Every structure is written in structure tokens, then in C-alpha cells.
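Given below, in the form of C-alpha cells, are the structures.
What follows is chain A paired twice: with chain B in the first complex and chain C in the second.
Take a look at the complex of A and B:
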């Protein structure tokens, strides 16, 4: 079964509210260390869910998401450091810079087939990383750029709520987007670009729009991350980091924003819990990813959600409808072969 | 509505798929486009639809050259089309499939208005009960109907149908046949590519025959049916009766 139900695209209100309430009161029960882990998990949740919008809804497989995050982080870090711009200004300008970079990359690559985007964004990420390392007099290269802190708090609670607010805001915005006609067109483009264009969808325009918006969300996450961690290095955008974000989205469910975000949180927490296993935790994690791709291609969480919410008559009806469809095709083919159709031949492209 | 094809040329590498072909379609004509495999029928439809850029010639729709326009621009000009192999959006519901062209071509009407229109189209196609089903759960014939429904949503002046009867259940074939006739009576112009000779000869007011990228016949189906050049193109020189 490879279909995502509407209930998953539109997460039930009660579950969403419950998750929101838990997230809001969580700092009351967590020590500073685990609060830090959760803040980082939320950071990855923003990246994984925005990448899910790009890849899962839009069918655009980009490896440049961490690069746009880094553009936001470095832009805000450098501007606040060298030009004494307030942090809020840095966050806004960092987000815009990521959007402008997304527009440039998108305009260059999104007219071509998806493979070009993947290859181009890998190259772009590596070029940007090399550039940041090379321009050490500005970026401080591998030594790391010291960035103004968001707050001078020892508890990390203010930072927690800021990252949570950005996560909620980005999820609400993306949810609104996928429910709008943009979301409708994105899914059509993902299914079949040529067919979507033939139906009147300006495919390139909507692909670029999505690319720019998801780049800005990644950039925004990067700015908050930079001012939270207070030191950024080019290593934040290495390919394995990008792989981690993709894996989080895939394990959660790449066609559901909420599932991708929850997947990111669970994976980040699991990586922390399994820290005592050393390198073996990555083996366990890799095995989980392989199993997900093999047995739950819509995502592990999606599979669990489906079991929880779709084991009723509606699911059976849907299943029977699919079987009916297959049966109707087969019956049609059978009858066609029995027909005496003079000079009837089908299916050859001319 | 007037569509003028003038000296249209399309090449794929060294192969000339369309060789300076010209014809005109006026009013609500229903033109059948036939020819042996590889004759250029689908290439012509794809070129009119904006998927292929022609190397030469013009496609004039009501006097405007649409030859270099992108597919969505062609759709905006009032040309709807279906594909040889059905290309409904499989992981979207039937309703969503119908909303895409409406919301893309006239978003100002709003989603509610397009949902009303979608219900009308589904009623016409007697597919209302399938509204919330995913396109991939439909049979091949139902998917053909869905594509026709997508085209109907925005009420285009010219409809290009590429193999509308291919692989379709015989009962559904009759249904599609009837819908085409109804839409034609309502004033729609058609270019229909089909290998199904019974249907295309019955439906068409005029037949255009392609062979190796050239138009070898253009006229009344009864005349075309007995045209020696057409017979030769279909069955070779040895055969006498090319078409039923």
C-alpha cells in the first residue's frame, strides 16, 4: 500500500493539540542536557519537514538543504558580528539570503530533469563548504565562527521555545501551503510534470516557488541554530549531515510534513540514547533506514499511523475499490481479446 | 475556433517525424488522425500541445502562433488534450485530478466554484461515486474517462485525444464514444488519434492520414478509406482492402 490518507496529510486535531501541549510543557520535566537534545531535534525537524515538502510533495530531490541552512547561519552570524546588526535583523536577512540563493539555484536547475537538481545541489553544497573553509579571514573556516547568542540564559528554556515556535510556525505555513492550490499543483507535478503542464500548471514556476520557500525555511532554521549553538563551522553542511536529514524524513514519512518532523525528533533522540553503542548506533540507524525503504516506503511512522487509523471499514472499502479497478482492467483485456475487432491495433507510439 | 498548421516540421536527430505538414481545422470539426505506427500522429499532437518545439513552421490558433509556447500556455489558449498512455495523477483523488486544470487555468473562480464544476463533470461521466477514490484505483477505462473529465473541466475549444479507446473495456469504449459525440454536438472541435478504425471512421467528419511524417490523405472518411495511397501505407502494395 503506497497511498497516504487525507487524515495523515491533515493530522487529526486531537493528536496535533496533544503534541503541542506536550511540547509546551516539556521543559518542566527535562534537564538542561535533554532540553538541548530536544532543541537540536526540533532544528532537524524543521529541516526534515521542509525537505519533505520539497521532495515528498514536489518530487524535487535536493541535496542542497543543509547548504541553504548554512547560508542562513553564516549570513546572520557574519552580519551580527561584523556590522552590529541586531540578531532579529540577522535572522531576517539570513532567511532572505537563503531564499535568494534558492532562487538562483532553482532558476538554473529546475527546468531540467530531477537528476540534474540532485547533482547540481551536491556540487553547490561542496563548493559552498570549500568557499567557507577557504575564506577563513571572513568566516574563520574550520576554526568556527563565533556568533552572538540568542539569549544569555543558562537554562536553555528561552531557546527551546524559540526553536519550538519556529518549528510550529514553519509547519503551519507549510501545511497551509500544501492545502492551497500550490500544494495541489505540487502533487500533480510530482506525479507527472508533462501531464500537469498539459492541464495548465506552470510547472517551472511552482517548482521554483517551492524551492525558494523551502530554502528560506532551511535558512531560518540555520539562523536560529547558529545563534543557539554560538559557533558554526563548515562541517554543518557536509554530505552526511544532508543524508541525516533525508533519512529522518524518509523514516518519518516523506509525504507527510508532521510525520517527517516527528521522525526527525525520534531519530535525534534515538541517536542520543544509543550513544553508548558508539559507531554501532550508526549501523543500527542504517539498518532501520534500509528496513524502512524495503518494508515501509511511505515511512515507518506512516505505516504505524496507517495501522492505527486505517484498520476500519474505510480501509477495507479502499482496498476493495483498488481490487475492483484491477479486476475491471483484466475483464476489459479479456473481452478485448475475444472481440473481433477489424484492423484494431493499440498502444504503439507514433 | 480555427487551427492552422503551416509547414510544421519536427525532427528527432536525423529522423523527420513531421515533414512540413499543413492543414486547417475550422469551427467544431471532428478530425480523425490516423496512420501506421511511427507515422507522426502522437508527435503532431505533442507538438500542438507544446511538449515538442517544432524546428519549423507555424501553429496558428485563431491567428496567434502557439508553436513555441509551453504546454501550460497552450492549455491557457483553450486547447485540452489527453495522452496515449493515460496520465492521470495516480496518487491524487478523482476530485483532485479534476481540480488541477480548473485551479491552474482560472484560479480566480475559487476552489468552491471548481468543486461544483467537478461535480457536474463527474455527473456527466457518471463517475460521481468515484469522487474520493485515488486515480490509481480506477480501471484503465475509468482513467481514460477521468482524463476526458480533466479536459472538460475548463471547457476548451479544441480537444486533442490520443488513442482514447486503446485498452479500454468495450462497454466503456462505447461510453467514451458517446461522450465525444455529445461534446462535439455542444460545439467542441476534436483531433482524435486512434488505431481503432471502426470508431474513428464512425466518429470523424474528416480524416487526415499521416505516413512517415507526411500527410498522404485528407478528406471525407469514405473517400480516404478507398484511397490507394492510404491502402498501400497501411498494408503494402500486395493487399487490396486496407480498412474495414
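Take a look at the complex of A and C:
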């Protein structure tokens, strides 16, 4: 086991605790405006970390994560508006709706090679957006759907704690999932799908399960976002928004849930601080995304973090191993040794 | 009947252009084993390149700028392929299939935002190729669409000729069938990868330049054509050249007739893309290898 996979299973305790404490007392020090920025950052952190679970752990590349988020947002927004359902009911139903959509798409595409999921979800996402725009009598299209507010607070402090609670809850749930049998199977499937199947893992079922659960997390984030921001438009699910979430997860470190979440918070704050650069900010993060993929595959933050704290023979060893094209996590011994994949994993070729 | 004929002609005219763009995707997929998730952005770049060239060279006929735009974008494609995709084939990168999906998607994110920063969100359109419309019996089609479609047809023919009759085509086909065997007989797979990627994105750019006068260009203009191309290659069978041509025509006709006979005309145009998604789902359910796919997906 290398450090990355370790940190995925057990987040570095000190950093996580420190981050949690800072997050809990933050409202004492921030003005309403920055509190709002951080609430949105948490929203992205939920999306980026759940996408990281899907991609970094399950090897499933969905470009529909924002579509599931939007399904949650619109379901809850429309139901609370038209059927007088309480907001909590809307949140539950919105989350379930995202899960049902995830089940349908997962069942349709996850039998095939990984590329089919990416192809289908990108089409689904864009076409769902077109539909929401077209059905303006129901969704109010581009003019935006007014959604009931979560609270009527002026301070945004209650909303802050709600979003934070959802972020914590989803992170804890995802860590539990990763440590469970499901996580083990997922990892086995990603390393070598055929070997895992041969050992009796029902590959498709576990892929669908992960896909449904992460879709529900995205849907949940969407419902909270909708009732916080109180007006939603189809623009929340344009493909560049999906690109932003992916950039956050990759820059943070797609193989670690906490790193992806922290990446999201940092990128969101940076976007706010660099406001004067306007549209060029996203050009910068687009370039960072591509360069991180090419030169710091484990994530820019993780790489910086390792350079700062763990420069030792072990890190160097790992680096040289990687230069030879050998995945370090295929070295060492863990529960998966029996299912050891060949040196370059071929299970996921498109 | 006239209405039916109009829809038929429009569907075929657009279908040929769709086929051209999808063929670029197929070419890249069958040689590099990569689905180019930035295909739409190369289409977009083709459109902007045509627009900029015509702003600079005001006296030149717009048609002449289409190949120039295609070549300029193909050069960009060469650079991207060499820096970001070649290491993948040199086995420097772990999990190459996953990397390919992400890095091309990342490129699409980068290019879309770059276009937004450079040109703003407002539509730009190069000059028309030819003003007015053509009348073929009862059917009226705009001259620009007919021009785009005829040029696409010529280009499709040329491309098939290159692939089937020349040494380059033979080499490309060899690499797509068996990389190692091709290398043994002296075909450098890296060069073929670069060539195929450049040709593929060049085709997308030509499609973008051809359709720019018709639909105008915005930073996100590539999304719908790209998604349409994904649907076409799945429908035609991943990696199949005849499949992407037939798939392009089918999708062109489905969109044209679907929108033409949609009960509510005000929403018909929006639903055009929805038919494509339905076809995608049906293919996955009933015939995952599409028309001419080599094997089950």
C-alpha cells in the first residue's frame, strides 16, 4: 500500500481534524459575503469528492455529475413549489430522484467499457439541460425557477452549518463505503476487471451501486444548493460547470476524497480572489487541469503536500517507480495481492 | 409531399456534414484508441479560425479559408497529440484509458474557456459563401448549407480515397488492426497516431468552418455537434468508417423528420437533440456494437 491509497482509506487525522475545527468556528470570523463564498465552496466540495470516489476509486468517468445535481435541485424546487411539500421532503425526494436517474443510466451503460459511461453521461447532461430550457412552462427555463429558501436568515450562518453538515456527512459516508466490502471490490474491479470477475465479484452490480450512491450525493448537494441560492437556471449544469468540478477534484487529488474536497474549496476561494481576471481565471484552471493530469497525476495539492512533508527516500523510491511506468500501488502487499494486475492495468481500456 | 421532400433534403444535407465530423472522431478512435472529448472544441476553433482569417484577408472568397482553417487547427492537434497523448502510447502513463478520457475532456474545458476569454460569449459569423438559397424543384435550401454539404461530400470522397488507395491509408489501416504487426513491417505507430489525430481534428475544424456562416460561432458551439458525433459513432459502430457515414446520414434524417413532424413547432428545435439521446439508449439496449462495430462493446 502506498501513501495515496492509505490516505484514501484513512484521511490524515491531524489535517482532517484541524480542517474540521477551522470549518466549525469559521463563521465567527467571516463577513456574510465570504461566508457565502465558503458555502458555495462546500457545495463544490461535495460534488468534487463524490466525483473523485466515482472516478479515482471506481474508475468510472461520469460527465453527468452536474446533471444529477440539477435533477436534485429541480425536483426539490418544483415539488416544494407546486405540491406544498415541506423542504425536508423535497430534499429527500430530490436525492431519491437523482438516485433513480443514476440507476437507469448505470444499468444502461455500466455493462460496457468505461468510455460508454462518459459518452452517454455527457450526452445526457447536455440534453437534459436542453429539455429543462425547452419546458419553460414548468421549469421557467432560462429565466430561472424561484425556490423556497431554506431559512430566512440574513446572516447565512444557519445555511453555512447545513452545507457543512452535508459535506461532513457525505465524506464520512464515502469513507465508510470505501472501507467496506464495496470499496474492496471496487478497487479490485479497477485494478483488473476480468480478474475480479473471475474471482466472483459481480462487477456490474458494484459499479451500479457506486454510481447510484454518488449520484444521490450529487442530487442531495443540488437540493441544498437550490434552497440556499433560491433561484436555479439550467446554466448550473452546463458542461464547463462539470469541467470545473473535475478540475477541482483533479487539482486536489482524485485518489483522495479529502484532497478533492480541499481542492474544491481552494479553487473556489481562488476564483473569488482572482475576480479581476474575469474569464481568464477559468482558462488558468483549465490549463492547470490538463497539466496536473499530465505531470502530477496524483493531484497538484497532494504533490505539493508530499514535497513539503514527506521528502524522504520512500518518496523518491515511489517517484522512480512511477517513472518506469509502474504503479506504486501495485507493489507492496495488501488484501488484493491475489488479484494482482499486470504491470500496466489493461482492464479499463476503452 | 413538398414538406416531406424538404425535410428529406435538409436531413441529407446536414447528415453529410455530421458524417464528416463523426468520421474525424472515428479516425482518432480507430488509430489511437482514444475518444476525443475535445472534438467539439476543435469544431469551434475551426469556426473562429475561419472568422478571424476573413477579418484579416477581407478580399478573399470565404470558401478558400475553409481548408486554411482546417490546416491551422490540425497543427494545433499535432502539438496536443505530441505533448499529451504520445506519452500515453510510450507507456509513461498509468491507466492510459482513464488518462485519455480526462485529458481530452480537460482540453475541451480549457479551450472553451479560452475562447470565452478571447472572443466573449457573443456569436461571431464569417461572411456567407454564397448569398440566397437554392431551389431544387419544390425544395428550398440555403446556398450556404448546400455548399457546406457538397464540400463535405467531396472531402469524404477524398478521405475514403486516401484511406483505401494510398500508402498512408494502408499504414493507418494496418495500425488500427494491429499496432505491433504494423511496427514490425516498419510503420512508426507514433507518427500514425499524430497523423490520425491531426486529420481527425482537422475534419472537425473543417465542419466548424463550413457551418460557421450558417449557425455562427460561440465558445460553447461545439457541445451539440460533439455529442451528435458521439451518438453517431456508437450508432455506426465504434471505429467503423462506413458506420460513421451511415450513422451521420441517419442522425441527420432523424433530426430533420423528428423536428419537422414534432407536434409543437415552438419546441421542435430543442427536441432535435433529444431524439439522438433516445437512439443512443436504444443502441446500447439492443445492438451495442451499432451498425458495423467489430465486436460487442
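Quick note on the criterion: the second predicted complex is superposed on the first by the 301 of 350 C-alpha atoms of A that agree within 3 Å, B and C clash if a C-alpha of one lies under 4 Å from a C-alpha of the other, contacts with A are read in each partner's own complex, and residues count from 1 in each chain.
Assume a contact is a pair of C-beta atoms (placed from the backbone, for glycine too) under 8 Å apart; a residue touches a chain by one contact, two chains touch by 3 or more.
None of these values were measured; they are calculated from a predicted model.
Participant: Mind working out whether A:137 is in touch with chain B, chain C, both or neither, as first, second, both or neither?
Facilitator: It touches nothing on chain B or chain C.
Participant: Given the touch rule stated above, what does A:31 touch, chain B (first), chain C (second), both, or neither?
Facilitator: Touch status of A:31: no partner.
Participant: Check the residue A:199 against both partner chains and state whether it touches chain B (first), chain C (second), both, or neither.
Facilitator: first
Participant: A:279 in the overlay: touching chain B, chain C, both, or neither? Say first, second, both or neither.
Facilitator: In the superposition, A:279 contacts chain C only.
Participant: Output check: A:152 vs chain B and chain C. Expected answer is one of first, second, both, neither. What do you get?
Facilitator: neither
Participant: Quick check for you: in the superposed arrangement, does A:181 touch first (chain B), second (chain C), both or neither?
Facilitator: The first partner, chain B, only.
Participant: Let me check the overlay on chain A: which residues of chain A are in contact with chain B and also with chain C?
Facilitator: In the superposed arrangement, which is not itself an observed complex, chain A uses residues 322, 325, 327, 344-345, 348-350 for both chain B and chain C.
Participant: Okay, in this complex, where on chain A does chain B touch?
Facilitator: 2-4, 181, 184-185, 187-188, 191-192, 194-203, 318, 321-322, 324-329, 331-333, 335-336, 339, 341-350
Participant: In the complex of these two chains, what residues of chain B are touching chain A?
Facilitator: These residues of chain B touch chain A: 35-43, 49-51, 70-72, 74-76, 81, 83-85, 87-92, 96, 99-101, 103-105, 107, 111, 133-134, 136-142, 150, 154, 163, 165-170, 172, 193, 195-198, 210, 234, 242-244.
Participant: Can you list the chain A residues touching chain C in their complex?
Facilitator: Its residues touching chain C are 55, 59, 61, 63, 108-109, 112-116, 118-120, 122-124, 126-127, 130-131, 133-135, 238-240, 243-244, 246-247, 250, 278-280, 282-283, 285-287, 289-290, 293-294, 297, 322-323, 325, 327, 344-345, 348-350.
Participant: Within their complex, state which residues of chain C touch chain A.
Facilitator: Spelled out, the residues of chain C in touch with chain A are 33-35, 37, 83-84, 87, 91-103, 105-114, 116-117, 220, 223-224, 227, 230-231, 234, 267, 270-271, 273-274, 276-277, 280-281, 284-285, 288, 297.
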